[in-house]
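Please go over the structures that come below.
One chain, chain A, links the two complexes that follow: it is found with chain B in the first and with chain C in the second.
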Partner chain A sequence: MNPSLSPSVPNLLDEALGLGRGGSAPWRVALVQDCVETSGAFLLHHFLKRALSAEGAGAVVFLALAHPFSHYDRVLRKMGCNLSLQRNKNKLHFIDLLNLEFPVAGQTGQNALEVGFIGLYNKILRSVEASSLRDDKGGWISIIIDDVSLLEIAAHGSVSHVLDFLQYCTTLTSELDCSLVVLNHEDIYSSEEEIRLLSHLDYLSDVVIKTEPLATGIAADVHGQLTIINKGVFTECGRSMNKVHNFQFKVKDNGVDFFYPGSQF
Partner chain B sequence: MADSISRSLRDGCLEGEHAPALIIEDSLATPLGPSVFDHFLANLVSQIAAGKSQASGLVIVALNRSPSFYIDLLVRKGVETLLVDKWIQILDCYLDPLGWKNQVQPLENVQKPIMKETVVVFRNVRDINKLLSLIHEVGKGFLGQDKARFAVAIDLVSSLLRYASLPSVAGLLNNLRSSDQISSVFGLMHSDLHEPRVCMALAYVSSMFASLQPIGSPGNLQWLEKNYQKARLHVRLKRRNGRVKLLEEELHLDQAGIKFVAIASENAYVNKSLLPKVQFNLQLSDQERVDRAKVILPYEHQDNGEAIQIYDGRRSLPETRRDPQLVLPLAVPAIPETETSSGKGEIHYIRDSDDERPDSDEDPDDDLDI
Partner chain C sequence: MATAADGQPRTTRTPTTSSFSRASSSPSAALHMPPNAGVKLGPNGAAFVSSGIPDLDRILGGGFLLGSLVMVMEDSDAPHHLLLLRNFMSQGIVHRQPILFASPLREPRAFLGTLPSPVSSSKAHSKRAIVDPNQQEQEKGLRIAWQYKKYFGEQQASQIHDRDVKQEFSNDFDLRKPLERRLVQNIECISIQDTPELAILRDRCSSFLSTLPRSDGGNLNAGRIAIQSFCSPQCGYSEMDWDMVAFIRFLRSIVRSSNAVAVLTFPSSYLPPSFLKRWQHLADTLLSVRAIPDEDKELAKLLTGYQDMLGFLHVHKVAQMNTQVKENSWFSFVSSFLFSLFFSTNNPFFF
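After this line comes the complex of A and B, so read on.
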């Protein structure tokens, strides 16, 4: 076993999300909601590394709209995770969507956008299928989308098509052992009409993770704060209680430190 | 109050009347709507199982959660696994609402959830007319006896509104209510996904509208966390005669489920909000109420040993002006001269009942079915 891939000691984030040492999550859909001042990309890196960890025996289907593979490879390498190796082992299915643009509706028919999203959904299904065909098959599959706002741009601003697509991704979590993690930005929606995408995503998710700057301003040792709203999901033994967590973080090259306010000197 | 909603859903409708319809409304600030929906759903299914409801079965239109979720929920609430299939039918609009799965190659070598006979998949939610006819078709399984009816639960009306226009969704609810095969309809909607007019329009086509509101004013994280466990339920009940009744209750969510708790100042709050704004007090304060109770009414019998006198107009006349021909009825005892020496009449008033305040808003004929 590669020691660099051994799961780290559970931190505040994992505890707040109810993640144990295994790869499975007690929730199905997580929404990472960030803002310009405090990017939430480090959380996707954290989920990616965690899902690919050896003990987790999980697989990841990564829909990259924001950066190319080389970017994630470099970041994760510093965190002790070799993405190229994981891709060769069929544990990581990287779907490069940097140049994704669906045909404009009307040019090739009324449902051109829908056909485009069905094609993307099909790609995810084939990746999930390939993951379940691995030699050490089994384990949890994480579908990660970076990020939804770019999906909206590719769809020429059609919120309803993006929501339909996300609805289908969500149904996969009911049918299979998998979870969905999506990133979206809080501060790019101004009018009431547009903010409905965020509200829809909020309702769709079981966990909302918000990254915000410190209320007291920029600090050298603290890069921002996280608010985690764990809405509670039905488990076999009944309903787990809802919980709201709040703590601060510091992003480092090889990982992230999470700590309660005032506990870092 | 929650009991009266459950009763309405259980009792269904009278011949020739629209079926009662309940819309539950929540928001991101008070996201307990699904739990309240589950509460009424489980309650109705247990009433159906016990044979106490007008409906002989329930059709669940699942848009928000998978069919297996509802089967697990009912089993967890104590309905026997075998009987769940007997009392409910699920119209699955969740797993493939737009028919995409028919256009892609299905997953191979992946274990799929077992589909039961009670689950019917609907792959074109945009077609509301088809949805209506399918609800009737699925519900036919319950209509063995004459005049049997079934109930319909739509787990998320907001999802329907994403696929179809407001008039067609309102039309669907109206058609369900007016059907002679349906005993009651209920559903959930998220208010912050729609314009206020959408919520109002659906409130018009329902007979009960339950809105979840946060307790206290928005604040810190503790307030947010509290809202995941507690909320206030405002209910508007529309009576057959057109009267609208406003009720309010608090609900608490814990491991066991939802508990409804009456608010101590419920009546005071509701009455206060309904009163017109005037320059004088229509309500008494507690101190004024106590003072009023202490006042001894001049004509009220004080139970101080004196004989009870029933007023007789003729006898109250002065002795000299009495009609000499008048013969006193035997039932009335002779009154000593000393007691009537004042020469004034007395009225003894005994109130009928202390249970009810004179201005009580309760309609005594409320339960009559005329």
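After this line comes the complex of A and C, so read on.
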């Protein structure tokens, strides 16, 4: 039985994250960390599909910096989710930022960045408000950012601006009942001084999902492994601790297979 | 039959209109003979252009994806990346595709003199295909090392089926024989030496690509951008890390929305580690070349034909457009390939 074909049977990932049948996410901020060897983009596709196909009224605000709409449309179509249709129904607010550049000009550079980010934030805010006004059923809204490192490049390396922007988005999640999923690359932040953005993101997030290649190298049947860190799980004695899940995955056209190491055959 | 039909437009190269009218008059013929030989359509709405190395095309699942950015990490000690660039550009010339070449050389046109010419004219190719397909199979210029040959088995059938199309799609090149001067006249060249203003290169790329709007299916005309040693010291881009990475992102996004492939080689050792990773993330297809040291006893024991081998070609990443799966069965098995060149024979041999 293929779990990805029948959404009613939760797969390992959804179980580990505590995702139920409904569209609501049990986190405020989720951080996906990937690396050059193993892209984490498939997780965004997974969350996108879940949010849109959930019973009830889920809505997604998608900030696409990495690919044009046609890419996501084709990928999601194979997973059984028609993005064009969802966009027309106003369930998906697709913000195409492939060519996003903030005008940086001389002295006013800093200001231009701020203006640019405020504009972007307002776009998100409008989309979220439009979605939450549309139905009073309290549908869950997800904001997905693909990906933060490109936002950094657009901001010309100004970490503080990116952090401010993300902080604003995080505030949205508690004010307007929505969740935030961001993708970032872990391996970019290898040296000490550059780690600020990643550690800040790490602090903001309730769930961290890491994709890594297999230690043994490339394999045909296993594409990599996932580490899921659920933060702030309270134990019986009241202490806060992180709950960690580990398993492997294989990416397919119509979804992803998740399995424990060695249990596939 | 298909071979003969294919041969025709090639021998009479100039009237592109004739192949166009043929295609429109008989749709079945159009299926067998793509209107543009330089572009091959693949699954998921993908279109490929050849890298100029038939075996590399196969490894990458068909060639370089139209609309993708290919980045090649150079070996700091050896100029093997130039082989990839040369074949890439020569293949573009053979297909009469517009090319933009940027180089840190003072006089980039000088590099064009080193572009290899195809091993034999396409006419001779199609003739030979009719005479003896087996012989042609043996003479295939670029080969993968025997270690990996068994993986070819499953694809063999479709290969034979595609052969007539493939012959046109990618050629073998003779590195000793330079292309005729008049053929390389049309290549746009730009020197990026001592031009700390990346805006110039930006403008050239976008004006070049503006003539090649994205069109899915139909009569595709593909363009090629080749950028050599992008961040090398003679470019004078020091302290411009963010500008460079912004340029690459810009290049990636404009190539994505046009019918073109950009190949960019860069000396990875000049980049700070965190930026190197950023660059790698930006690449749609990521390759690296590494020379084999001359007197490596260990390797010599491991490899047959060690004397003739030049280096390793690593495939780190294959472009995934409109899909989330690595469709390429090759890449899932092995990610590094040996290649070698024989200057003594006609063809460059890649293993």
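Convention: the second predicted complex is superposed on the first by the 234 of 265 C-alpha atoms of A that agree within 3 Å, B and C clash if a C-alpha of one lies under 4 Å from a C-alpha of the other, contacts with A are read in each partner's own complex, and residues count from 1 in each chain.
Here, a residue touches a chain if its C-beta (ideal position, glycine included) is under 8 Å from a C-beta of that chain, and two chains touch if they have at least 3 such contacts.
Model, not experiment: these values are computed from the prediction.
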Chain C versus chain B on the shared chain A, clash or fit after superposition: fit
Touched partner set for A:S263, first chain B, second chain C, both or neither: neither
Which of chain B and chain C A:I218 touches, first, second, both or neither: second
Which of chain B and chain C A:H185 touches, first, second, both or neither: second
Chain B versus chain C as contact partner of A:N246, first or second or both or neither: first
Which superposed partner A:L163 touches (first chain B, second chain C, both, neither): first
Which of chain B and chain C A:T171 touches, first, second, both or neither: first
Partner chain in contact with A:R196 - chain B first, chain C second, else both or neither: first
Touched partner set for A:V75, first chain B, second chain C, both or neither: second
Chain C versus chain B - closest C-alpha approach in the superposed model, Å: 18
Contact residues common to both interfaces of chain A (with chain B and with chain C): none
Contact set on chain A toward chain C in their complex: 36-37, 39, 41-42, 45, 67-68, 70-71, 74-75, 78, 98-99, 101, 149-150, 153-154, 156-157, 185, 187-191, 194, 218-220, 223, 251-253
Residues of chain C touching chain A in the complex: 44-45, 241-243, 245-246, 249-250, 253-254, 256-257, 272-274, 277-278, 280-281, 286, 316-317, 320-326, 329, 331-335
Complex contact set, residues of chain A against chain B: 114, 118, 121-122, 125-126, 128-129, 132-133, 160, 163-164, 167-168, 171, 174-176, 196, 199-200, 202-203, 227, 229, 231-232, 234, 238-239, 241-244, 246
Complex contacts: residues of chain B adjacent to chain A: 28, 31, 65-66, 68-69, 72-73, 76, 94-98, 100, 103-105, 107-113, 158, 162, 190, 192-193, 221, 224-225, 228-229, 253, 255, 257
